[in-house]
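Both complexes shown next keep chain A, but they swap its partner, so chain B is in the first and chain C is in the second.
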Partner chain A sequence: MAGWEIPLGAAIAFAAGAIGTAWAQSRIGSAGAGTIAERPETSGSIIVLEAIPETLVILGFVVASMIIIMVE
Partner chain B sequence: MLQKMKNILVVGPKKDYQQIVDVLYQEGTVHLQDIPFFLDDPVFSPMETGKTEEISNVLLKLHGIARILPGKAVEAEIERRNGELREKTTDVLLSDAKEMVHLLESKVRDLATRKGDLELTRTTLERYAKVMEKIQPLESRLPILEGFEVSVLLIQREYRDVLDLIRPQLKAITNNQFEFIAADLDDTTTAAITVFNKKYSQEVHSFLFSQNVNEVRVPEEYANMHLEEALSLIEKRKKDIAKEMEEIDRELGTLSEKWQTELAVYTRLLEDRLEELRSLNMFCQSDHTIMIKGWIPKKFLKKTRDALMEKFGNRVVMTEVPVPPEEMEKAPTYYDNPRIVKPFEFFMKLVSPPKYIEIDPSPLLALFFPIFFGIIVGDIGYGLCILGFGLAMKKKFQKVEWMQQLMNIMIISSFPTIFFGFLFGEFFGDFGEHIGLLHPVHFLGITWNRVEAMIPLLVLAIAIGVIHIFVGLSIGILNAYARHQKKHLCEKAGMMGVVLGIILLILTFVKVLPSFMMIVSAIILVAFLPLLVYGGGTMGVIEVMSTIGNILSYARIMAIGMASVILAMVANELGGAIGVVVAGIVIAVLLHALNIILAMFSPSLHSVRLHIVEFYSKFYEGGGTEYRPFGREKKTD
Partner chain C sequence: MDLGYINARVRGMHSRLLGQKAFDALMIQQDIPSLVSELEKTPYRDEIQEASVLYPGLKGIETALRLNLVHTCQKILSLVEGSDAEPLVRIILARWDVHNIKTVMRGKHLHVSPEEIEECLIPAGSLGEPLLVELIKQPDVRGVVDLLATWEVPFARPLTQYLDEYASARELSVLEYALDRFHYENSLALLKAGKSDHEVMRTLLMQEIDSLNLKNAIRMNRDRVDPETAQKYFLPGGESITLEKFLIMVKANNIDEIVGTVEGTPYYFLASLIPEAMRTGTFSVLEKELDEHLTRKGTGVFRSDPLGGAVVIGYLWAKQNEIINIRIIARCKDARISDAELEKELRHV
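Presenting the complex of A and B:
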C-alpha cells in the first residue's frame, strides 16, 4: 500500500503543469482574440500558437502517471 | 510535391496584343512576372493600362442594372453567348455595353424608384391606418369643423402628465380656439387629439416639436373627413399600390427575360478585359512587338503553347527561358499533389508557402498526420463515428471547399484510427473488451492495452518523435545541399549525429544496449560535435537541447490518447453504475459523443502542431510565392 506521498507528488506534477499551461494559454488566448479581430486570416496560426503551451500539462501528466506507476 | 515550373517568354506582333492577352487569360496558366530588365533598353517600354476607368464605370452600371432586375441568367446560355462575343475587341464590347446601359439604365431606374416610392407610401399608410384604428373610439367626441386642423399625439402612458402641461400652452397659442381630448389607447400608449384653427398651425406644430412629443400628422388628403371614411380610402389606396407594384414587377420581369443573359455576358467579358488591361503594365512593348514573361507549370506548357499556335500560328512564339539556379528561388510554388495528399494542403496554409527549391513537406504531412491521429484516438468505435461524420458533413456542405478538405482529412485519418483501435483492443473504450468483442493485441512481447502498457506507449511515442525529427533534419540536409549552403548542411548533419549519440548513450545507461555501445556513442558524439559547432556555432550546441525537447514533446501522442481512453472508460463505468438501464445508456452515449468531438479536435490540433513546431523547424524556410495564374479565378479546382 503506497503512502500519501506518491499520489500527492503526482498531483503536484500534474497541477503545476496545468497551472502553467492555463496561465500561458490565457495570455495567448486574449492576445490571439485581439489579433483575429484585426486580421481574421491569422486564425490558423493563432490556434496552433494557442496549443503550444499544452506541452507543459502533457508532460505533467506523463510525469504524474510515471510517479504512480513506477514509484514502488 | 511541387510541380516543375518553366520560365517562358511570349513574343508576338503588337497589333494582336489584345487577342494574345485574351488567349493567355482564357488559358489561365501563366503566372505573370515583371520584366524590368528589358526596360533598360530604350526600345522597350511597359504597356499602357488604357481604358480601365471607363470599363470600371460601365461595369458599375451593369452591376447596378442586373441587381434591380429579378431572376438570374442561365449559366449554359451565358457560356454560349460568351463564346460568340469573345472575339470582339474591347472597344466594341465597351461601346455595345454602353449602348445597353443607355437603353436600360433610365428605364430600370425609373421603375425601381417608382417601386421604392410606392413601398414607402404603403408603409406610411399602414402606420397611419394603425393609429387611426386606435383613435377611432375617440372620434365621436370630436367636432369636425371647416378651417380647423386635427393633430394626433401619441404619448407613452407613464409620461401622460405632460398633457397637463401642454393643454394651457395650447390654450395660450390658439387663444382658446381649440379642443383637446385624451384617452388611453392600450396598456402603454395614450393618445391625445387636438383640433385647432389652421391659422395657428405653424406655432402649434413648432411648440409640439419643441416638447419632443410624438406627433402623427394626418396626410392632407385624409384630413377633414371621418376616420372610417379615411380608413376605407387608405385600404383602397393600398390595393391600388399593390396592383401598381405588380405591374412594375411584370415590366421588370419582361426586361429581365430579355436582357439578363446579355447583361451577365457583357459583365463577365468586361470583367475579364478589365483584369487583362490591369495586367498590361507587366507586359513590355516595342514599336511592333509585345513581350510577356512569366512562370508556367511544366504540365501546362504544351497546352498553352498549342492554344497560341492554333490561334496565331507562327506569329506568336512562346519560348522557354533558361533560368540560373539562384533565379529559380523566385519561381512560384504550385502544389501538384496526388488526390490523397491534396486535402493536407489545407494545413500548409497555416505557414507561408515553401520556396520553389525547398522540399515540399505536404506528402510527409499526409503520411504522418493520419498516423499520429490514429495512435492518439486509437478506437474502432470512434474511428467509425469519425468516418461517418466526415462522410455526412462532406455530403451536407458540398459547396464549402474548406469543409470538404477538412472532412477528407478526417476520413483519411479514421482508417489508422480503426487500425490502432484494433491493436489497442478498444471499441468505445473498454466496452468492446467487456462484451468480449475484441482484446488488445499481443505484439512484440507487449499487450497493447493503453492503460496498462503506458511505458511501452511512451517509448513508442518518443521513438516516433526521433524518426520524425530525423526525417526533418534529413530534409534540412537536402535543402541545404540544393542551395549549396555548406554550413547549414554541416549543422543539420552534426545535429543528427549528436542527437543520435545522446540517444545511444541514454539507451546504454538504462541497459537497453550492451555496455560497449558507450564507446560507440562517444565516438559518434566526438565525430559530429565539431560539424555542429562549425555549422551552427555555440547556438548550434544549445540547439541540441531544444531538439531533445522537441523529441520529448512527442510524448503527447501517448498522453492525449491516454486521456481519451480514460474518458471513454469513465463513460462506460458511469453508464454501467446507474441502476436505470435507459439513463445509463443515455449518459454513456452523451459522454462518448463529447469524447468523439474532443477526439476530432484535440488530436488534429496536436498533430498539426507537432508538424509545424517540431518538424518544420528542422528544415522549413517558407516565404515562397504562391502560384497565381493570370486568368479568371476558378471557383472549384
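Presenting the complex of A and C:
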C-alpha cells in the first residue's frame, strides 16, 4: 500500500491535532488574558497552561510520522 | 466579548473579595479611625483614601463603599458590553435605578434636603450621578416623574400612569408598587427561554418577588390591611407565593395560618421566626433571614456554570453582600455596639 491513503492518513492525524490545539489554546488564551489582567502574579502558571495543549499537536505529528515511516 | 475572558476577570475580582480573616480583622477594631486604617489594607484602599479626605468618620466609610460599588458595577458593565451576559447585568443594575428613583421620590415626598437624598443614592445603574443630581433638583414628585419622562427613561411609564392616583391619595406606595411591578415584569420579559443563564436569572428574580410579597403580606397582616387593598400590592411572577397564598397570609387571624402558608415552600425556614416576629411586632429578623436566603441563592450561582454568564451575577451578589457587611460593621462600631451583637447583625451566606 503506497498510494494516496498514507499521506492522507498522516495529514488527518496532524491536522486534527493542530485544530484541537488551536481551539483549546484560544479558549485558554482568552481566559488566561482575563486572569492576568486581574491578577498579574498568575502569568507564570497561565503560560504553562497555555502551552499544555501543544502536546496534542506534537502527538498528532508523532502519529503522522509513524504512519509515513511504518506503514508500507 | 468572549465569555471565557469575562468570567476569568470576574473570577479574579471574586478572589479579591474579603475572606473571613479580613472580616475578623475589621470586627476587632475598636473605633471608626482604626476601622478606616484597616480598610486601607484591603482593596477598598483607593476609595477610602479618596472619601476620607472629603468626609471624616462613618460618612467617609459609607461614601467609600458607595464609590467602590459604583466603580465595580461600571467595570462589570464595560466588561460584558456586547456579550451574552450584558442583559443579565443590566437587569441586576436596574435594581439600583429602582432604588435611586424610589429614594428621590421618598425624599421629595417627605421634603428631605437634597444633600440628604444624595447621600442615600447609589449611581450604579443606567441613571448616572449627573442625571440623579438633576432629579434631586426637582421641586416635587411630579417634577421627578416629568423629568424621567422627558429623558425617555422606561421607568417613567408606570410612574406617569399612576401619578394621578398618587396626587389624589398622597400615598407614595402607589408609585413604588408601580415601579417594582414594571421592573420585575420588564426584567422577566427580557429573559429568553431555553438559555441556562437566563433561567438562573429568572429563578432569582422570581425568588426576589416571593421575598417582597412575603414581607408585604406579613406587614399587612400586622397592620390589618383589608384584603382588597392588599391585593393591589401583590407582585405577580413569583415562584412559590401565589396571590391565593398572599391573601391567606394577609387575612390570617392567627400565626398558625401564616406559618401553614409557607409550609411546603422554600420559605419554610421562616416558620420558627414568624410567631416571634408577630408577637413582638419587629420584622427585622424575618427580613434579615429572607434577605440572607436570597443572597445565598444569588451568590450560589457563581458556582453554577463555569462557562456561562451566571458567574457575573454571582459575583455582583457577593460584592453587594460584602459591602452591606462592611457597612454593618462600620455602623455598629460607630454606635459602640458589642461584638456579639455585631456578629448577629452580619449577613452570613
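The rule we apply is simple: the second predicted complex is superposed on the first by the 71 of 72 C-alpha atoms of A that agree within 3 Å, B and C clash if a C-alpha of one lies under 4 Å from a C-alpha of the other, contacts with A are read in each partner's own complex, and residues count from 1 in each chain.
One rule holds in what follows: contacts are C-beta pairs under 8 Å (C-beta built on N, C-alpha and C of every residue); 3 or more make two chains touch, one makes a residue touch a chain.
Not measured: the values here are computed from a predicted model.
**Q** So, does A:Val62 touch the first partner chain B, the second partner chain C, both, or neither?
**A** In the superposed model, A:Val62 contacts chain B only, not chain C.
**Q** Looking at the overlay, what does A:Gly34 touch: chain B (first), chain C (second), both, or neither?
**A** Second partner only.
**Q** Give one of first, second, both or neither to describe whether A:Gly44 is in contact with chain B, with chain C, with both, or with none.
**A** Once the two structures are laid over each other on A, A:Gly44 reaches chain B alone.
**Q** Decide which partner touches more residues of chain A, taking chain B and chain C as the two options.
**A** B
**Q** Taking the superposition on A as described, I'd like to know which of chain B and chain C A:Glu54 touches: first, second, both or neither.
**A** first
**Q** What residues on chain A touch chain B, complex-wise?
**A** For chain A paired with chain B, touching residues are 44-45, 47-48, 51-52, 54-55, 58-59, 61-62, 65-66, 69-70.
**Q** What does chain A use to touch chain C in their complex?
**A** Those in contact with chain C are residues 27, 30-35, 37-39.
**Q** Taking the touch rule as given, give the residues of chain B at its contact with chain A in the complex, in rising order.
**A** So the residues of chain B touching chain A come out as 349-351, 454-455, 458, 552-553, 555-556, 558-560, 562-563, 605-606, 608-609, 612-613.
**Q** In their complex, what parts of chain C are in touch with chain A?
**A** 2, 4-9, 11-13, 15-16
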